[in-house]
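Going in written order, the chains are labelled A, B and C, and every chain counts its residues from 1.
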């Protein structure tokens, strides 16, 4: 029963990971840019929601406006920062996204300070009991909202004309250019979508765990997720996110206490610390070594 | 590096060493902080700028060096022995981090190093017998070749000497078969393999040598700050070092020093300004903001670094527009060709 | 010296090389020709260790070399050039030749570290750069050179390892005719000088005819003809493959 409880908590957090990882994969597929700043967008989205709620708006309305604002932020970063860097070395592009992350963090730190803030209630408080498992509305809402969004997004990507153009751009930029797709605009759209997804994910996460600048660390957790799923697979990102969320919850709730019991018996080490935070990375290294293209990714061949 | 350049370097170093006794404590502090960061940046530049292996685990590696040197020093070893020991230990860890690089390339490898960084951070907190966990390992002063150097000036002298040795060492290394293979692998791993180069072995040496230097830099950090604590070696430090070598110039030896100078001095300057304007409470946020914005601006306008900018200005000043523009040595080009991989 | 039998290479479902065989004897120059897509380069890649064939055997003297790494093969004396010259950034012509040398004949690493090796530099220049007309460019970075020069550098690089077998993958493709014949002449001279065998993949018939001792024709992944230059031109099968069923 306890296990199931943990799994559900894991799925809730994992579905938020999925939202954020989706954004990273989207941008990567479209433009080959690895966006280390994704966690920054998540954090910013949460802070926008917080600020709007503080200003007296209903939290849900605040969230909606915040997500739209995030879209604008995404477009701006792509146009102002990434577009001039088309020909820059890969390391420089990675670095510029890290620069964006640092700047966003610093801005939030400057305005809202380093302390944990009470995030406004997005959903009514309350608990459902189902056969001995307790679920807060918050968790249920997070799971539902993220899964609906993920599904909607995947459907959009798969079935709409815009989604088709996005896939074209991602598949082969030159061919897309040749058939008259405005690639540059498609990339901007990818950034907008991905910033919106991240902003929403950030707000959901804040409603589960509270809000502070450290929320931005989630962007780094998303990397194990996408590597697990395969850098280029949107479905992989979603599955990877959920798997990782569950794994973390199980580690925290069961594996850590078990290991600590053993360690205390035989060694002088008293605690293994935040094991659940390292697990994703250990898993990542393992996956990369065994199956570098990820679970859902495809192998790319090269020509001499 | 030609003989002439080595002589100039030695002369500059000698001047700094001669001036040291006249420097105030703060200036001496700046000298050694920059010199240590330069050694660390040099190590990372060897790996990223010359061998093309993007790593975000450098902060953790400096930490390994710091803890190793601290433990050796506390066991009563001379600083030279402790630093050398730290170098070897860190080289070992660096090679382990490099293992995925045998199968992964570019981006995927960079992400694997990110994982390595977090695992190292975790181990620093976990392995209390070696690291004293969150409280940090206190480090006793150690003599350098028998001389007591536990003053700011002493540290400055030691760091300058080691920096000069590292600079000469790396520049010579780049003129050997091994060094040329580094550059070839950076430019195209596939071509290098086709030419019959043992890519795995070459990368092994890149990680080992870079790790050795990182260990020395980390050890110096430990001896000068007298403490090695986990929060000093987090991912932020890795980012600082990557920033240094990009700001200075990828694949450029002077670039490593220029970048270290820039990234280390920036917070000092902002700190001063903050004190001046009585805004000390917000300085850390402002400092981060300026750092972030500068990185962004830098990457957009000068992705090849200050060193390339400097040589361009130098050429313009000399009016040498007649010469065919030879790409500044070291300007590297990691276009998206280094994509996913295998 | 080199004996390949039944070499088959597949990419997914496509059979690129199908039961290909070849023999190379010491000191001869073999031309490997065939229409586009015949699998010539793929076959060369298999010999040099870049691709591992799904079936078949490749023997070097008495050693089975299928599955060996390119670096191992380079060490035992199989050198190669590339069809497309890579865009390398910083390395100078001499640097690249030195890299090529080092895969077969390493020069003491520590000695290089401390003293450099000016004599070796000059030797390499005289021996490999001078004959290819590259001596003046020895300190230029590769990217400022013309395409023809870059191809020549690649050949000098492969030769610097003093291989026993040199695989030339379209050495004169995209090179001006005059330069092409100079290159071909150089290949012959180098064979006489170093005594190495050469397998040359090439489209330019006149170059192949004038340089090669023996010609192997490939089509659709398999060998369809082997013999002298005159024989190639009169063979009906080869004519069919090249000219269609006229």
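Following the convention adopted for this analysis, a contact is a pair of C-beta atoms (placed from the backbone, for glycine too) under 8 Å apart; a residue touches a chain by one contact, two chains touch by 3 or more.
Since the structure is predicted, the reported quantities are computational estimates derived from the model, not experimental observations.
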Chain occupying the middle, per Cα centroid: B
Top chain pair, ranked by how many C-beta pairs fall in contact: A-B
Mean-CA-position distance for subunit B and subunit A (Å): 31
Centroid spacing, where centroids are CA-atom means, of subunit A and subunit C in whole angstrom: 49
Geometric centre distance via CA averages, subunit C-subunit B, whole Å: 41
Subunit A, residues touching no fewer than two other chains: 304
Touching two or more other chains - residue numbers and ranges from subunit C: 50, 82
Touching two or more other chains - residues of subunit B: 194, 332-333
Subunit A - residues contacting subunit B, complex: 32, 34, 81, 84-85, 87-96, 98-107, 109-110, 220, 223-224, 227, 231-232, 268-269, 272-275, 277-278, 281-282, 284-285, 288-289, 292-293, 299-300, 302, 304
Parts of subunit B lying in touch with subunit A, wherever the complex brings them together: 48, 54, 99-100, 103-104, 106-108, 110-112, 114-116, 118-119, 122, 125-126, 128-129, 190, 194, 235, 239, 242-243, 246, 250, 282, 284-289, 291-296, 298-300, 303, 332-336, 338-342
Touch list for subunit C against partner subunit B, complex: 48, 50, 69-71, 73-75, 79-80, 82, 86-91, 95-96, 98-100, 102-104, 106-107, 109, 112-114, 116, 141, 143-144, 157-158, 161
List of subunit B residues in touch with subunit C within their complex: 172-173, 175-178, 180-181, 183-184, 187-188, 191, 193-199, 251, 324, 326-327, 329-333
